[in-house]
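Shared between the two complexes below is subunit A, which pairs with subunit B and subunit C, respectively.
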Partner chain A sequence: MERIPILRMGDTLLVTVQVDMHDQLAVRLLDDLTEMITKARARGVLIDISALDMVDSFIGRMIGDVAATSRILDATTVVCGIQPAVAITLVELGMSLAGVRTALDVEKGMELLRAAAQD
Partner chain B sequence: MPQPRTDSEGGALRIEIAEGQDVVQVRQRAREKAQAAGFTLTEVTKIVTAASELARNTLEHGGGGWAEVGVVATGVRRGVRMVFHDEGPGIADVDQALRDGFTTGGGLGLGLGGSRRLLSELTIDSVPGRGTTIVAVRWK
Partner chain C sequence: MRMAVSTNRILKVMESSQIQLLADWVKALRGTATARSSSLISDPELQAQCQELITLLSTALRNARLDAIDDPAWEPTREYLAGLSRSRGRQGFSPTETAMFVLSLKEPLFAHLRRAFAGDNEVQLLLDVWELGKLLDMLALYTTEVHQQAREEVIRRQTEEMLELSTPVIRLWDGILAMPLIGTLDSSRTQVVMESLLEQIVATRSPIAILDITGVPTVDTLTAQHLLKTVAATRLMGAECIISGIRPQIAQTIVHLGVELGDVITKASLADAFRLALKKLGHNPAQA
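Entry: the complex of A and B
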């Protein structure tokens, strides 16, 4: 079964989305992440979408759902690498990704997760 | 077999939309055509995103159908023209469907209204019980 791999680094889960995801693949990723947060007792989830050249309302909603679900499970989600053209389009589409923490790149995202783990 | 159709620049092949992977294919076709028409990266991204929203609606709400994406040129204007067609339940109230936040499914209700903002023209032709045809154009 086609899957987006999830990498575990200590108490952080790292996902690098590199393919143009069809909807079922995005849903599967949400399911897999939710399961892994509990199993791995993760405190942070970092989703790198720098390779994604489009985020529509479905993928946007999936990202929002990951953030909301992880919060309930006492983990923080950071999305990093959003391309400027994608950000502009998301806003015009009407998706503000409110409640989702973002960072410029993986390094900044990791810093944000470390800081979040301190409080 | 669906019959290939050509437009003024050729190559508006029909893409059948029957599953999630077909929506990805519509996105890829929209990207190719938008790039061929000479749009900037941001404009290409907007066109591809709208294509994704409309193709998903064809699949999820229309029960499947087809899409055609092509480059159009009228005089000095160039653009990308996309047609989405299904023979599903149709849209009872088009104005309501275009409103942000309106959904009959579990979505966010952003697809139609958002697509209209991302494009230059969005014409919805829908007959309840018969189906929906959407013609969408982004001019340069």
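Entry: the complex of A and C
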């Protein structure tokens, strides 16, 4: 069964989506991630979707859900590397992912997480 | 059958009295021409054009049917007329004047037909005139069509050029992009604006983009919506978008329209936006 790997770096979890997201994969990721956050007591989650060049409304919602869930579990979530086409699609779909932190790339995302951890 | 007879008769007239026909036609053209159109084209040039068209018509008539100008044998005539129409369009002729150039051949040609077959079969003469009239009408309409096509081509090219011209993304500072918008924002333009801005954000890894709308004359709900979408998309990518250069009237309109700008940062001028951007990046504008 295909699944998206979740890497642990200190108290930060790193999720890089390298394959085309399909619905089941996204649902599975949400399950795995929530479990992992509690188990690893992670304080920050970095989701890199720079390899994703297409989204539909379901995947868009799942991205929002993942971020919202991890926030409830007290882990700062940063989504980074959203491609122009994906950003336009999400906005056209009316999903501006309010409340989700975004960063241009992984490096800037890590900076954001570090800054949040110091607060 | 009758049509073939007509074709032969017309052809005969055209070939036997070519020189006289040409002279009559030029005279008729000069008679109907307005002062403006006569100043646009010289006599020898007009004469040469008439001569060429008569030659082409006779050649086409010899090889093809009178009523089928789509036939390959009519190709040289159509090509010549297309070129003529384009060059006349450039010279400043109106489509009517160009069409009249072809239509004015009717009168002298009819006169020559009548003279050549006077006292002959009247019905056949009527048929000749009818067929010839139809042919010249079609050719005249063709010049109008080409004229219009040429116009549309120009308009399309200009629109494309304007789209490209009007959306430059400027790098103001390390990490700060600016995009001055000039002219009315419609859906297709906003799409281009949004795409090029987002692409540049990725390419230059700039965390701040300034959208300057000093050059946007009016804002309606749709335009405001487009701006908000661009801001939302930049935020999704992890960059921040500042809107600057909102004029007093536009600010009023936005409030009147009830558009909720939400947490979009707006600044009065590009300079203010730039200062804010520098501050956000940790530079001190007073020093810089």
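Couple of notes before you dig in:
The definition used in the following text is that the second predicted complex is superposed on the first by the 119 of 119 C-alpha atoms of A that agree within 3 Å, B and C clash if a C-alpha of one lies under 4 Å from a C-alpha of the other, contacts with A are read in each partner's own complex, and residues count from 1 in each chain.
One rule holds in what follows: a residue touches a chain if its C-beta (ideal position, glycine included) is under 8 Å from a C-beta of that chain, and two chains touch if they have at least 3 such contacts.
Since the structure is predicted, the reported quantities are computational estimates derived from the model, not experimental observations.
Once the two complexes are overlaid on the shared chain, A:Ser96 sits against subunit C while remaining clear of subunit B. By the document's definition of touching, neither partner reaches A:Ala115: not subunit B, not subunit C. Of the two partner chains, subunit B is the only one that A:Asp23 touches; subunit C does not reach it.
In the superposition on chain A, contact of A:Asp53 is made with subunit B only, not with subunit C. With both structures placed on the common chain, the touch criterion links A:Ile88 to subunit B and to subunit C. In the superposition on chain A, A:Cys80 contacts subunit C only, with no contact to subunit B. Subunit A residues 83-84, 86, 88, 92 lie at the interface with subunit B in one structure and with subunit C in the other. The part of subunit A that touches subunit B in the complex is made up of residues 20-25, 53-58, 60-61, 83-86, 88-89, 92-95.
Against subunit A, in their complex, subunit C makes its touches with residues 194-195, 198-199, 201-202, 205-207, 229, 232-239.
The touching residues of subunit A, when paired with subunit C in their complex, are 79-84, 86-88, 90-92, 96-97, 102-105, 108-109. Residues of subunit B touching subunit A in their complex: 20-21, 23-24, 27-28, 31, 41-42, 44-46, 48-49, 52-53, 56, 100, 107-108, 110-111, 113-114, 117-118.
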